[in-house]
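Residue numbering begins at 1 within each chain, and the chains themselves are lettered A, B and C in the order written.
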Amino acid sequence: MEFSAQQIAAFLNGTVEGNPEVTVKSFSKIEEGKPGTLTFLANPKYEHYIYSTKASIVLVNNDFTPTEQIPATLIRVENAYAALAILLNMVEQHKQKQQTGIDSSAFIAPSASVGENCYIGHFAYVGKNTTIGKNCRIYPQAYIGDDVTIGDNCIIYPHVTIYDGCVIGNNNILHAGSVIGSDGFGFAPEGDLYKKIPQLGNVVLEDDVEIGANTTIDRAVMDSTIIHKGVKLDNLVQIAHNVEVGENTVMAAQVGVAGSTKIGKHCMFGGQVGLAGHIKITDHVNFGAQSGVISDIKEPTTVLGAPAIQAKAFMRSSAIFNRLPDMYRTMGQLQREIAELKKLINKE
Amino acid sequence: MEFSAQQIAAFLNGTVEGNPEVTVKSFSKIEEGKPGTLTFLANPKYEHYIYSTKASIVLVNNDFTPTEQIPATLIRVENAYAALAILLNMVEQHKQKQQTGIDSSAFIAPSASVGENCYIGHFAYVGKNTTIGKNCRIYPQAYIGDDVTIGDNCIIYPHVTIYDGCVIGNNNILHAGSVIGSDGFGFAPEGDLYKKIPQLGNVVLEDDVEIGANTTIDRAVMDSTIIHKGVKLDNLVQIAHNVEVGENTVMAAQVGVAGSTKIGKHCMFGGQVGLAGHIKITDHVNFGAQSGVISDIKEPTTVLGAPAIQAKAFMRSSAIFNRLPDMYRTMGQLQREIAELKKLINKE
Amino acid sequence: MEFSAQQIAAFLNGTVEGNPEVTVKSFSKIEEGKPGTLTFLANPKYEHYIYSTKASIVLVNNDFTPTEQIPATLIRVENAYAALAILLNMVEQHKQKQQTGIDSSAFIAPSASVGENCYIGHFAYVGKNTTIGKNCRIYPQAYIGDDVTIGDNCIIYPHVTIYDGCVIGNNNILHAGSVIGSDGFGFAPEGDLYKKIPQLGNVVLEDDVEIGANTTIDRAVMDSTIIHKGVKLDNLVQIAHNVEVGENTVMAAQVGVAGSTKIGKHCMFGGQVGLAGHIKITDHVNFGAQSGVISDIKEPTTVLGAPAIQAKAFMRSSAIFNRLPDMYRTMGQLQREIAELKKLINKE
């Protein structure tokens, strides 16, 4: 399939600058653009590439003002990144497998029910009394335990494990190796030993949730660990038992949240952040990468550092951290100078 | 099943305060208590909830002194958390599947031996010369390599991988996706390249060990990586080759321990802690979350920070870190004042 | 098999010091050496063990000068660690399974092609149009999607997931549970919600790459996430979409690299390091464990801390961090002394 700049602009409600007849077949990154491809400019950091890219078409924001001549044809749109997403979606839908049906070697318990139009791959396992909605894709080797409920339009990739009794909403995507509902880490000390506290609750993922590869979410002691609507978790994230993650909160890779912590809506986590247990985070809090948070956060803010403080304050203190050896020397010198002054004054 | 406060108190050797006839059917968290449920108060942070909880019964410690009226019936016991654990265990044992037998599509090598009363699920794989004890539950899709030994009463969840030659003790629980015995990260530089050092040892898990979801434990170069009796590792923990973890040590999620490090007994690790390789940690050391440890620890203590120091010292320095910009300004002012004083004195 | 010190020295081009007739059957660590075993000394930290080890033979570097008598026979070689690697390799090759063929319950799509001399285990899945080279070992329960290319001599352990369209070079080793080609974490904010950006690219692993257990590598938005020749990644590492890792770079466990970052050749990463997205790292950069890097690094160097600075500068500042409470007190005292001096001078 080939499309002209004019066709694409019409589809995106954009305007063409340059040759409207030029055609593209695929996508490329702006720094490695090739003729016959379409690319985009959203992050100003990459602007310098636009003046030399070999891509044929570049999507740019309406307010983009070039400072040099640009060889490519531009398509101006309100939001270049969102426009790219629309094009990528179109291509993806075209590529998507229409495969449905249950592979011969999948195991589905007789008491389980599977909605219409589903695909269940080889060596997948679906336990007793489990219900799967419509239009789901359960990849080969996925494991879905007993008494699980899965909504419509879900994608469960290979080697996902869903323990007994968990609930998965509609339109969820669970990437390979993710584990939903493993036991929370609960032990009662008993003399020198630790006695396991049975974890009898479950995990609930609401609608439109995406879980990254090898991410782990533990079941609650009783009740539920809850991941609310629209949450996106990246790879290798750890969510402990009884945690609640608010709507549309997003977490980058390797974040860890300890037990019983409640996180609000629309929070954003950088990578490798750690949250202590039993704390409460309000809505719209941003966490810089590698932050360590040990107490409640009650106002929307951006934090950084471990223990985390206001990001700006952290950056200021951090800049001075690098000058500590100088400060230490200066302080010694001041001490000597003051001693000197004292001597002088006492002499007089 | 419904139980009265009186019945539960009798079972737990506790005493009832309030209506002994009130009955419960299930459990709830104190902050979300519902009528007909039992909850508990162990963490003083949650005390304020007890004065308004709708749960019918609350387990409390003998020494708990309320400061307001409590609507629920109390059961006083020596240790409310331990008492809860006893009740949860009772419920769990009741729920536990009695399923035994080998599913038709499991693969078990003819030279392997499986003890009595085991369950082995669909698509599970058991390799050559492997021995599995009594009363084990091997879930669907688990992988157990050749020459592995597994003791009695173990639970191996889906997608666990146990590499050849590893040894698993009695009463172990291995959560989904955990990997036991992958190659240690050993390479000898050879000019510009890295040449792989074969990892010929194994991993030994002693009795009563629990391993979290997607946790990885590497096999030793030669000899064994050893996890001693009673150790509990949370999810996504990394244990490198030749490491030794002492009895009853517990590690929260995402901890990483580098090669050849030896850890004592009864240590406690917060989340995301990192230990350098080739160091020795004595017994009873506590590690605050996100600590980074680069040298031996010879006395029982609590450490924090990276590089880790005494936790109290870290918290004190950390409090001043936040005031560094002020300190820096003050220091500049002192320099100016001293210069001023010098001028004054020299004038006289 | 038993070998004498003389035979081993001849094989390694080394020289014997002590009894050339003494024989060994296996390996041991120097601190736990047993008679009849061979051990080695490479790390000077372990030197004190050589004077009492019960191992029969110790490999040492040519330039090693003992300070006491050594009971064992020494074999001097140019590089003791590399010599050990040669011996371990020899043993491993001897142990290696010659097993080939396709297990009865593996699923291989009719349009896939598998080279000669391969082993494909039970419950493994190989998708449509996928090509596997010669001499590969695909372990039970591994998942290889559609349109994947795998070179010669690769080892794919159980529960590995390779998503559609990824490319794996020759001589690669992918440890259990690793995930190659999961969707990059790409979402465009749309009001309160996040809209998924389809991830249409793939992952390319060049030759001689080793990927640790449960490590995750995301596919690119378009184009490829690229792991160049000779790269070694330890367990639980996260590589985000569009990242490029240069030749012979090695990363210890739990490192995370955010999207679109480019890393040069021959870099070395300690454990738990985090790199921000969209940055560029030149060749030969070393990262101390737990470093956090937020901007380009243009010169070969060693960095440490978060935000990372020169390792030596970090260690110096870090030493003074521990004295901050003292500094703070001293500064208060200086302020008081200066006020005192001012009073004195003004009096005169």
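Convention: contacts are C-beta pairs under 8 Å (C-beta built on N, C-alpha and C of every residue); 3 or more make two chains touch, one makes a residue touch a chain.
Being a predicted model, the structure only gives us computed values, none of them experimental.
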Size of the rotation, in steps of 5 degrees, that lays the CA trace of chain A over chain C: 120
Proportion of interface numbers common to chain A and chain B (over half same, under half different): different
Where chain A and chain B are represented by their mean Cα positions, the distance between them in whole Å: 25
Chain A, residues touching no fewer than two other chains: 105, 123, 141, 159, 177, 214, 236, 254, 272, 290, 321, 323, 327, 331, 334, 338, 341, 345, 348
In the complex, chain A residues that touch chain C: 26-29, 32, 43, 45, 79, 81-82, 84-85, 88-89, 91-92, 95, 103, 105, 121-123, 139-141, 157-159, 173, 175-177, 208, 210, 212-214, 230, 232, 234-236, 247-248, 250, 252-254, 266, 271-272, 289-290, 318, 321-325, 327-328, 331, 334-335, 338, 341-342, 345, 348
Chain B-touching residues of chain A, taken from the complex the two chains share: 105, 107, 123, 125, 141, 143, 159, 161, 163, 177, 179, 182-183, 185, 187-188, 190, 192-198, 200, 214, 216, 218, 221-223, 236, 238, 240, 242, 254, 256, 258, 272, 274, 276, 278, 290, 292, 294, 306-307, 309, 313, 316-317, 320-321, 323, 327, 330-331, 334, 337-338, 341, 344-345, 348
